[in-house]
Amino acid sequence: AEDAKLTVAYFLADSMLPALYAQEKGYFTEAGLDAEFIAVQGGPAVVSAVAAGEADVGYAAPVPPINGRLNGVPVKMFLQLSQEVAPDKTYTWLVASGASGIKDLAGVKGKKIGFNANGGLCELMWRDHLATVGLTMDDVETVVLPFPEQEAALEQGNLDATCTINPFHASMGGNANLGAVEIATGTLADLSTPLMNDALFASEDWLAANGETAIKLAQVMDRARKELLADRTALEGAAVQFMELTPEAAKSFSLPIVNESMVITAADVQRILDAMVKTGMHPGPLDGAEFVSELKY
Amino acid sequence: MTRQTRIALWGLLVPLAILALWQVAAMLQRTPLFPGPGKVALAIWANYPVILRELGITLLRAVVGFGLAAVTMIPLGIFLGRVRVIGRVLEPLMDMLATLPPPAIIPLVMLFAGTGDGAKVVIIAYAAAVPLLMNTYEASHSIHPMLSRVARSLHLSRFETMRLIDLPSSLPMIATGARLAIASSLLVSVTSEMLLATNGIGTFLQRSQETFKIDAGLAGIAFISLAGIIVNAGVFRLEKNWLFWHYRDQRPAE
Amino acid sequence: MIPGIAVLAEKFRVPICIALVLGVWQIVFVLGVVNEKYFPSIPTIAVAFGQMLTDGSVIAAWATTFLRALIGLIGAALLGVALAIVSDLSPILSRGIRYVSDVLQPIPPAAFVPMAVFMLGLGSKLYAFVIILVTVWPPYLNGVAALAGVGPVQLNTGRMFGLTNWGLLWRVKLPAALPEIFTGIRYAATISLIAVIVSEMLAGRDGIGFMIFKKAFAMRTPEVFGLMFLVAINGVLLNGLVNLLRRGLTGWHMRMMERSE
Amino acid sequence: MTGILTASDVGKSYGSGDTRMAIIDGLNLSIAKGEFVSLVGPSGCGKTTLLMCLSGLLSPNLGKVGFKGQVVTAPPIGLSVVFQDYSRSLLPWKTNLDNVLFGMRRVTGMDAAQKKARALEILEAVGLPGFAGHYPWQVSGGMQQRVAIARGIASQSELLLLDEPLAAVDAQTRADMQDLLLDLAKRFDQTCVLVTHDVEEAVYMADRVLVLGPRPTRVVREIVVDLPKPRDQISTREAPAFLHARHEVMELIRSMRQGKALS
Amino acid sequence: MTGILTASDVGKSYGSGDTRMAIIDGLNLSIAKGEFVSLVGPSGCGKTTLLMCLSGLLSPNLGKVGFKGQVVTAPPIGLSVVFQDYSRSLLPWKTNLDNVLFGMRRVTGMDAAQKKARALEILEAVGLPGFAGHYPWQVSGGMQQRVAIARGIASQSELLLLDEPLAAVDAQTRADMQDLLLDLAKRFDQTCVLVTHDVEEAVYMADRVLVLGPRPTRVVREIVVDLPKPRDQISTREAPAFLHARHEVMELIRSMRQGKALS
């Protein structure tokens, strides 16, 4: 039979690496999928692409598809690629510059804070962490700035603190001029159990009609993840090829994977929804089951 | 009804037809990500206080940026057009600088000017500078040689020639450049707010898109367009008052 | 002596301008206003660019982007001039088109993208839409003004020798307006490149815009600036093409203007 | 009225309201086929405006213009104008030859090569051999004017309206051009209306001289030039009828003088 | 050489290489202070080009132009030009009055009101009272030409170079303007160089007529007009010396004829 078509719109992030690697290696073709990957600027654009039927599957942080669904775009999440868990497997940080004088979360009051997009994980992160010291977004000044520009903004004093990810976090750490201070880590303050950090999602209709394709996708992803986790050279090669890392930077690169399983449950989403409601990003109440299509692969 | 108003009213059919097409397309799509003009109108009603507040910020920056570009680029364009050698030699430089996309230079500008109003105004001025400079340069480059002779035979200094001959005879083309520059300063004002979001309509639009309230975003944009229409009507008026000699000169007298 | 230098300078104007840009950049670098990490020196950029060249990806990306910009420019120029012509023939359509242009011009393409994705997808149609949407205006506006500015004696001459409205447009107004229209096309050439880069950043899989986006995300600043210089050179290249055409079509005007001393 | 070209009660004004200025007021004329008529009148009286009205390039506010029995509303076929503002009436993007060929657009019965040969012949006749490939802005004022005349001639129109066509050429060339025009008019049974400030020229060329009054203008006198054709630059100008007509026109124009000496 | 304006061995050509065309070749002239000199020559011979070289607007390829003992490289102060292409030489965004005032920018010793009064006076003298507020494109060709003359006069230059300044005005106005120019030249001890195609005019106005040869041009004959000043439109033109000079110029020009009849 002819290969099933599969278009994936994605927001460039390290947990997508296995997919790009699998594409390069021809694993999708082997599985009978004719896959195509399109990079899109920002999670919301990924949701638009999926809603328009221009992409079958989207990859983004969980908040954009959640927001999309809340606003009438019928998408459901069916796989998660990475998770965070305390203490050492966290992939998001709140960092302040030395010059800002900020030493801890409480010091952020009245300062200029940055994040990469409205209504994204970074906003949730700021809200959740600030709530632990009794601050809200009204107590700070916000600037939305793409990740790559944040370090310079911190150093030039245009930002006092920001939400960042790798490789930018690592770069800030190595910048002596910046004197970066890490004031928090992890998307939510409470990370005693693994928290989903991203999601593959699709429209309800597509999922209903293409369960087979979704499973094949999961299987290919699984294969690629395992291969990369096992083979350091392959991983570094992929990081250089697809993420344009320098070979040196690739040496310290690792995939943000905690759970071997990629299955999403209603409970996974519910944690995020609760945090959104608690921090005022949404009035609530919200039911996690609505947002998920559990996929057994 | 005068001929002018008749033309104006019949002319309205064109945008109305486009609105109708848009509405039909929106009804076929049936998704909140593709609102029709009706939904946008409702969103205007729901959001106008916020929009108006943000609009002021956006417009102010656009005006300052445009003004900065106008006072520097019109004289510069005339200078380069008149002092031909320098102009010709620097032409590729204009092309190089003009081609840099604002999203690509924003990080660069930020290094020197920060993320605040200063940076945005600089970027807006940069975007407005290009059409103003090019049109002024080309206009003063192609002034009929006869006028240069008049200027020289009246012993005008270089500066006087630029002010009294080159500037007025370039005005018609400068006006076209100004129209383009006004549009691009509004556009870049919004874009810079989307990329270095702090406040203004661009930020409002960005936030609306990120939370999938496309109709609200477009409502904000509708106001930008309205501002565009009003400013352009003003330019049209000025053209009629200042450039009648160019256009009336040209039209066969009735 | 002096004229000799002038002629020489004009002959080598492209290298001179490039040297000027690089020189100013290097001076700013040496002054050390900003951290070298964000504002690398010219040699660093050159080395990074050289490395990109050796693996060949840049050439392909460049070709893709340049071709897109060229096609976009041709489309936008034809459409813009066509709109100007229609405006010249009918006062009502002229007014109508002006309303539309006043409304559309100040809107950033990014505002349309979520909607445009529904109509046009993520592929070449979206690119074409974004490019045309921002690039048509200069040829259109310059065209309208230039056509309206054709002198009465020339118009009368055309009418006298039996030209219909259409013939008048084609044989008198358009040739007379062409020099000014080319000013618009020249500006359009630069915008079309910008629009291509921006759309490659918005939804991309190839081209220089996508490459800049990816390099920026990997914090490879020297490469990013190297690519930006490449974009700038593209502007000169594209304009060189426009100038060739312009010389062919309005060479008389250029020579007429060179006549005065 | 009969005649190939007629104007009845023509009125024309510029501007409106307060700035309205009447230029032509109640003007009548009729020109017969094959006739050569000169128009003279003070500077600014409205001669150019009249020619524009006669050619259908302007529409009069009042009255009617007729060409071959039809009311003129747009430039009719078979009528050409040589404009006063010659330097602007030549198309700068065309060479002199192409400008002349432009005037032959409506000429039928010739193929492209024949037209070109004819155009070159005419350019030579007006004294511009070797300038066919030049652009109008590469030749002198008088040469431009001759290109414009060449274009008018090339159009082979039944009616030629000439607005000061020889103002910028030297005396000898002028005499040659006069004879050329007369010769062609006769050979092709062309009707000509010539506006000129040179009274001698007006009389020398014409079967009839119409003197126009000051603005708002109309025909104030018609002087029939009773001299045989073909004319001769020496003998005609010495003929008593010539001197008489010349004197009469001169006197009339003198009586309409404007301006006054600078104190 | 002495004289307020001198040209020695002036050569000028247009174009280069194959298309190079010599326009002026080895031309010498010297004009004394207060003198009125007419230049005549066939159309296209290089008169305009010569005036441009004399005024410093073009630089000759060979030889030197001197004004008041200084080599001319750019238009010197104290020298004004009235251009042949009058319609393009007026600034369309300025009214006629403002165009004249524009010519008075270098005039000293008058305040703005005085200048304006003077400009209005000059406009009236050239026969344009009531057209001060019009724009050049709102008046006829002959009127434009007079505005250009008014601008030249208003500049109060010691040396006035006039390139066919009266080509587009009627006979009577022309006579008036001639007398006006002569009168002003005398009163302000102005030196004038007049290019004209009207041989009568050339002789009537001048102390000396220089006849230029065909391209490449130089002075082929100098004719001193031995007539008293002030001149008179009637008696001067009947004087034998006038007729004699006129005849001589005519003959010369005739001998340089170009063109030939259309077969």
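A, B, C, D and E are the chain letters, set down in written order, and residue numbers restart from 1 in every chain.
We take it that a residue touches a chain if its C-beta (ideal position, glycine included) is under 8 Å from a C-beta of that chain, and two chains touch if they have at least 3 such contacts.
No experiment lies behind these values; they were computed from the predicted model shown.
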| item | value |
| --- | --- |
| Labels of chains that are neighbours to chain A and to chain B | C |
| For chain B and chain D, chains touching each | C, E |
| Chain pair with more C-beta contacts, B-E versus B-C | B-C |
| Euclidean distance of C-alpha centroids - chain C vs chain D, Å | 48 |
| Whole-Å gap separating chain D and chain E, where each centre is the average of the chain's CA atoms | 26 |
| Between chain A and chain C, centroid-to-centroid distance (C-alpha), Å | 37 |
| Centroid spacing, where centroids are CA-atom means, of chain A and chain D in whole angstrom | 83 |
| Contacts with two or more other chains, residues of chain A listed in rising order | 44, 48, 51-52, 146, 148, 152, 156 |
| Sites on chain B at which at least two other chains make contact | 31, 33, 107, 111, 149, 209, 246, 249, 252-253 |
| Interface hub residues of chain C, defined as touching at least two other chains | 34, 38, 114, 118, 151, 156, 201, 216, 253, 256, 259 |
| Chain B residues within the chain E interface of the complex | 144, 146-147, 149-150, 152-156, 160, 164-165, 168-169, 171, 245-246, 248-249 |
| Complex interface listing, chain D residues touching chain E | 14, 40-44, 46-48, 84-85, 87-88, 121-122, 124-127, 138-143, 146, 164, 167-174, 176-177, 179-180, 183-184, 197-199, 250, 253-254, 256-263 |
| Chain B-facing residues of chain A, complex | 42-44, 47-48, 51-52, 64, 67-68, 70-73, 117-120, 141-146, 148-149, 152-153, 156-159 |
| Contact set on chain E toward chain B in their complex | 52, 55-57, 74-75, 77, 79-81, 83, 85, 88-89, 91-93, 102-103, 105-106, 135, 137, 155 |
| Chain C residues touching chain A - in the complex, by the definition given at the top | 34-35, 37-38, 113-114, 117-118, 121-122, 201-205, 210, 213-220, 223 |
